[in-house]
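Below: a set of structures, written as structure tokens.
Look for chain A in each of the two complexes below; its partner is chain B in the first and chain C in the second.
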Partner chain A sequence: MNDIGEFTLLVALATALYGCVAYVMSARGNRIDLYLSADKTPFIVWACVMISSICLLRAFLTDDFSLQYVWAYSNRELDTFYKVASFWGGQKGSLLFWTLLLTTYMLVVYFQNRSKNLRVVPYAMAVMLVVVVFFLFLINFSTNPFERIPLPPEDGRGLNPLLQNYWMVIHPPTLYLGYVGFTVPFAFAVAALISKDLDDGWIRMTRKWTLISWFFLCMGNLFGASWAYVELGWGGYWAWDPVENAAFMPLLIATAFLHSVMIQEKKDMMKVWNMSLILLTFAMTIFGTFITRSGLIQSVHTFDEATLGYYFLAFLFVIIVACVALIIARLPLLKSANELDSFLSRESSFLFNNLVLLGIAFATFWGTIFPIISEAVRGVKITVGPPFYNQVNVPIGLALLALIGIGPVIAWRRATFSNLKKNFLRPVLAGLVMAVALFPVIPLGNRAEIYTYVTFVLCAFVLTSILTEFYKGTVSRMGLKDESVVGALTTMTWRNKRRYGGYIVHIGVVLIFAGIAGSQAYGTHTEKHLKTGDSFEIRGYTITYEKLIAIEATSVKTRIIAQLAVERDGKRYWTGHPEKEFYKGQNQPVSEVDVLSTWKEDLYMILADFGEDESATIKVYVNPMVSWMWTGGWVIAFGTMISMWPDRLEQRRRLDRVRKQEQLFPSPAQE
Partner chain B sequence: MRTFKIKLLTGLFVLVWVLAGQAPVAGAGALLSDLENQLMCKCDDKCGKVLINCTCSTSDKTRAKFSKMLESGLTVDQIVKMQVDEYGETVLSAPTKFGFNLTAWMTPFVALVAGGFGVRKVLRAWVGKRDGIDTAETPAAEPEISKKYSKRLKDELDGIEL
Partner chain C sequence: MGFIHFLELILIVVILLAVGIPLFGKLRLKKLVEEVDPTADEYKHLLVRKEETLISIKELEFDFNTGKISEPDYEELRHRLEAEATEILEHLDQMEQAGKKSKSSH
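Let's look at the complex of A and B:
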């Protein structure tokens, strides 16, 4: 089976190479025979990569330690659940997994579009195949997951204990689905540039792909935060690690793109800008993989054998140079009649939104690469950690939050003073009421607390501005159609999925902002060394250390669990079980925290240490409003689903638009 | 000119406020947290985490050492300086705010302000263009449109290889 896996990877590479050449030649020479031949390659490449992946998965499930990769990331005692996850636990398997996702996306694109726009699609398929070729080249000649060990050992080394968490099965695939997904809009953008088909067709063809990729990247970031929160045991969820930054930057740029394409769709403007944004988003996804796999920047996420940096750097260089050259070559075609009715318009607010999003992305990028710059300029290696990002990104983030509130209430094309006054009245009043109500009750002793106060005020402003939009739409529909509140709200949202889905996403973002602000400024923690029966208090909770439990979970894993009774107002409220897990052959034990999560706050418990006399060192954090962030994530998921849902009305409107255009510019056949 | 000066001063004020260090906080726990926030963990595993976020055994020992140092009367700044002397600048969790490192702090804001001016200029140009068209006679716009389509047609015809 391993030979089959290795062989199919070579076949996939050869087929992908042929596909690239054949697609380009068929499009350039109008060769239908070549096109029909090339059109078979996406399926063949996908099938080969799928067979190879099945072979590797089989090796994991059957404990085939003759493969170096299986030996390095699995052992006989590992749960089947984690044996599956080990597939992407190391560099070799993760690259194969990446390629599997990429070829699967490519296959779906192929089935969706093979009978559509024959000017653009062949080039788009060729671009995707170029990316596939790059990854297959790495897998075949640099990081082969089917590399053998001449004398297979009895057992494997096992998966890193930190990765033995259910998030390991969810977070990396989600993030990869986001990263890989941006290849599709990128491919169509490049195809549009090559084929000179530069209207908004490529945007419409890839809108759903952009949204899906954005959604997965967003969820991937949130799942990563959630994993860090429950697994790393330091009470936080985001450490501004370079690899976290690498996943955050494309998300920001893609968000800017999602907003600015609306202007292109509505007004046929900003073509160069949108093209640049999607190319930059893709470049950032490659930059992210470069960081993870180069070992150039120190990160807790870097793969053990991070040796592929130069390949990714070269690929990144080629992409950037080729894309910039293409954009410059097509500049005359990309020029549009850029004109705005007024400075005060939603279009302007979208431009500022783009500026702020890119500002945060740039600050994050700058912080990530500054250690390299410092070493190159001064010869001194420095660290750029959370204090830098918090000080630089928080004020810019607040400006972004304000813009989320301004966007919906400012009119498209031209906003008048009376229109502004009318639309801003309620949100501004809500912000003021929040400011007055919070001022006497929350502390404002340091900058973090002041930022948090401003965040809460802005959240009230933004939430009111969004809810006012829902309210106005519902009321006017109730008046026109004689519908109930729920009926009017549902129909209105369903008939304008894109607009109201977007507003729901914004509500999710507000919840995330509020959650971050609350947990950053008002949290508290304590650490106590306790003997059995000892108690201590923190923020109204009385915590009693009851006992220490030792469990031999498997032959390689021992669990030491502290039982902690939590009382509130004299009544037993909850029992916490933070634990430490010891794995055979690992120097450091792994902390498994226990969290009591409510909307108000999280009671977060860690077993920091324990003694032979059954004493224990317990760390307890009270983190306010953390669950607001996770709720915000689900709200974003809900809003994105509404936005992505197929819209017959929109399709009908588009058809009408096309018919009108055809009447204006009849085709020769009609004439 | 006066408006520009006011804007500039406001911008500088915001920048100084943003870049200013944390307000001094009282309490031994808060001092320790402040210290942990300023320094990286220097364990053998090179975990690359800020001390306050680190859970390795070395970080626990370092925390205990810092607690004792604070109790002995040393200030946060003095301990930070001692750490820098021992490990170099890499022990700091963020760049210092002087010399070349200042560029780390300033560049994002300078880029943002420059971008802001750029967006303003672009918007003005776009609005101005529209105003120009509004004042002109409507038929005058037609040749422009025809020119645009003619050019596109020409480019597309150029692209066809016979």
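Let's look at the complex of A and C:
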């Protein structure tokens, strides 16, 4: 089976290469025979990569340690659940997994669009195949997951214990689905540039893809934060680690893109800007893989055998140069047909939002690469830590939060000050009420606390602004259509899925801002060395160390669990079980924290150390409002689902357009 | 030849047949797309602009009903959008008439 897996990878590479050439030649030579020939390649490449992936997965499930990759990331004792996750646990498998997702996306695009716009689609497929070729080239010739060990060992090294967490099965695939997904809008953008079909057709064709990729990237970031929170045992969820930044930057730029394409659709302007944003988003996804696989930056996320940096850097360079050259060559065709009606309009608030998002992305990018530049130029390795990012990004982030509240209140095209005054009244009042209510009860002793205070005030402003939108829309509809409150609200949301789904996403973002602010400024923690029966207090919780439990979980894993009784107001409230897990062959034990999570705060416990006399060192954090962030994530998921739900009216309009075009210009239907 | 090699050979043959068959038919004489007709492109663009302008008028009404825009601004913008929509519709009508004429003359 390993032979087949290796062979199909080679076949996939050869087929993908042929596909690239044939698609481009079919479009340039206007040859249907070449197109139909090339048209077979997406499925063949996908099938080959799928067979190869199945072979690798089989090797993990059957403990085939003749494969170096399986030996390095699995062992006989590993749960089947984690054997599956080991597939993407190391560099080689993760690249294969990336390619599998990419070819799967490509296949779906192929089925969706193969007969739609034959001027653009062949180029889009060729661009996607170029990306596939790059990854397949690396897998085949630089980091082959089917590399053999001449004398297979009896057992493997096993998966890094830090990765033996259920988030390992959820977080990387989610993040990859986001990263990889942006290849689709990027490919269509490049195809539009090459084919000179530069209206907003490419945006409409890939709108759902952009949303899906944005959603997965957003959830991937949140899942990563959640994983770090429960696994790394330092009480936090985000450390501005270079690889976290690498996943955060494309999310910021993609968010800017999602907003600015609306202006292109509405007003037929900002074409160069949108092209640049999608190019930058895709470039950032490749930059993310460069960071993880270059070995240049130290991070908990980097792969052990990170040696592929220069390949990614070269690929990144080629993409940027080629795309910039294409954009410059097409500049005359990318001129805007319109201009902004007024500086005071939703369009301009979107422009500001774009600038702010790019500002955060740039600051994060600079902080991420500065250590590399410093080492290259001065030979000094320095670390850019959270203080830099917090100092720069928090004020810009607050401006972004304010803009989320300002956007819905301003009309498209033009707003007037008198209307703004009227429309801002409720949100500003809500902000003021929040400011007055919080002022006496929360501390304002340092910059972090002041920022948090401002965040809460802005959250009240934004939330009221969004809820007022729902309220006004519902009331207006009730007046016009004689509907009930629920009926009007539901119909209004359903008929304007994109707008109201977007507002719901914004509510989720507000919850995340509130959660970050609360947990960053008002958290507290303590560390105590305790003997059984000892107690201590923290934020109204009385914590008693009851006993230490040792469990031989498997032949390679021993669990040492501290039992802690938590009392509140004299009553037993909860029992915490933080633990340390010892894995055979691993020097460092892994902490498994225990968390009592409520809407108000998290009680977060870590077993830091223990002695032979059953004494234990316990760290306890009280992190306010952390659950607001995770709730925000679910709200974002709900909002995105509404935004993405197929719109029958839009489908009907599209079909009507195609029908009219076909009637007047019989062949082919250009949509 | 081992079974694995046999399977590999079959795979290659199947792939070569799949990508090769279209190249050896009569399809070579057919074009993938008709020559780019600037009128078709313009027609397509105008259809999209028509939709967007009509949606903009609806949104403007909604913004007015929810008090986001003043009456004078509403009147002015509505007038401008309606003029824009009329211009697009007229242009589309002209193209459709011209298309019908050229079809009937053929």
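Following the convention adopted for this analysis, the second predicted complex is superposed on the first by the 648 of 671 C-alpha atoms of A that agree within 3 Å, B and C clash if a C-alpha of one lies under 4 Å from a C-alpha of the other, contacts with A are read in each partner's own complex, and residues count from 1 in each chain.
In the analysis below, a residue touches a chain if its C-beta (ideal position, glycine included) is under 8 Å from a C-beta of that chain, and two chains touch if they have at least 3 such contacts.
Model, not experiment: these values are computed from the prediction.
K.L.:
Let me test your reading of the model: by the given contact rule, A:Ile410 touches which partner, first (chain B), second (chain C), both or neither?
P.N.:
It touches chain C, and chain B stays clear.
K.L.:
Classify the contacts of A:Pro395 with the two partner chains as first (chain B alone), second (chain C alone), both, or neither.
P.N.:
First partner only, chain B.
K.L.:
Regarding the shared-chain residue A:Ile320, is it in contact with chain B (first), chain C (second), both, or neither?
P.N.:
Neither: A:Ile320 stays clear of chain B and chain C.
K.L.:
If we overlay the two complexes on their shared chain A, which of chain B and chain C does A:Trp366 touch? Say first, second, both or neither.
P.N.:
A:Trp366 sits against chain B, while chain C stays out of touch.
K.L.:
So, does A:Ala608 touch the first partner chain B, the second partner chain C, both, or neither?
P.N.:
first
K.L.:
By the touch definition at the top of the document, which applies to A:Asp341: first (chain B), second (chain C), both, or neither?
P.N.:
So A:Asp341 meets both chain B and chain C here.
K.L.:
Which holds for A:Ala565: it touches chain B only (first), chain C only (second), both, or neither?
P.N.:
Neither partner.
K.L.:
Where on chain A do chain B and chain C both make contact?
P.N.:
30, 341
K.L.:
Quick check: in the complex, which residue numbers of chain A touch chain B?
P.N.:
28-30, 195-196, 232-234, 236, 239, 241, 269, 298-300, 332-333, 337-343, 348, 351-352, 355-356, 358-359, 362-363, 366-367, 370, 374, 377-378, 380-388, 391-392, 395-396, 445-448, 526, 587-588, 591, 606, 608-609
K.L.:
Enumerate the contact residues on chain C facing chain A in the complex.
P.N.:
Interface residues on the chain C side: 4, 7-8, 11-12, 15, 18-23, 25, 27-28, 30-34, 36-37, 39-41, 43-45, 47-49, 51-52, 55-56, 59-60, 62-63, 65-70, 73, 77, 95-96, 99.
K.L.:
With touch defined as at the start, can you tell me which chain A residues reach chain C in the complex?
P.N.:
Of all residues in chain A, those touching chain C are 3-4, 7-8, 11, 15, 18, 22, 26-27, 30-41, 44, 118-119, 122, 197, 199-201, 265-266, 268, 341, 409-416, 418-419, 422-423, 469, 472-473, 476, 479-480, 653, 657, 660-661, 664-665, 667-668, 670-671.
K.L.:
Hey, which residues of chain B end up touching chain A in the complex?
P.N.:
These residues of chain B touch chain A: 14, 18-20, 22-23, 25, 29, 37-38, 40, 45-50, 52-57, 60, 88-95, 100-101, 104-105, 107-109, 111-112, 115-116, 119, 122-127, 129-130, 133, 144, 148, 151-152, 155-156, 159, 161.
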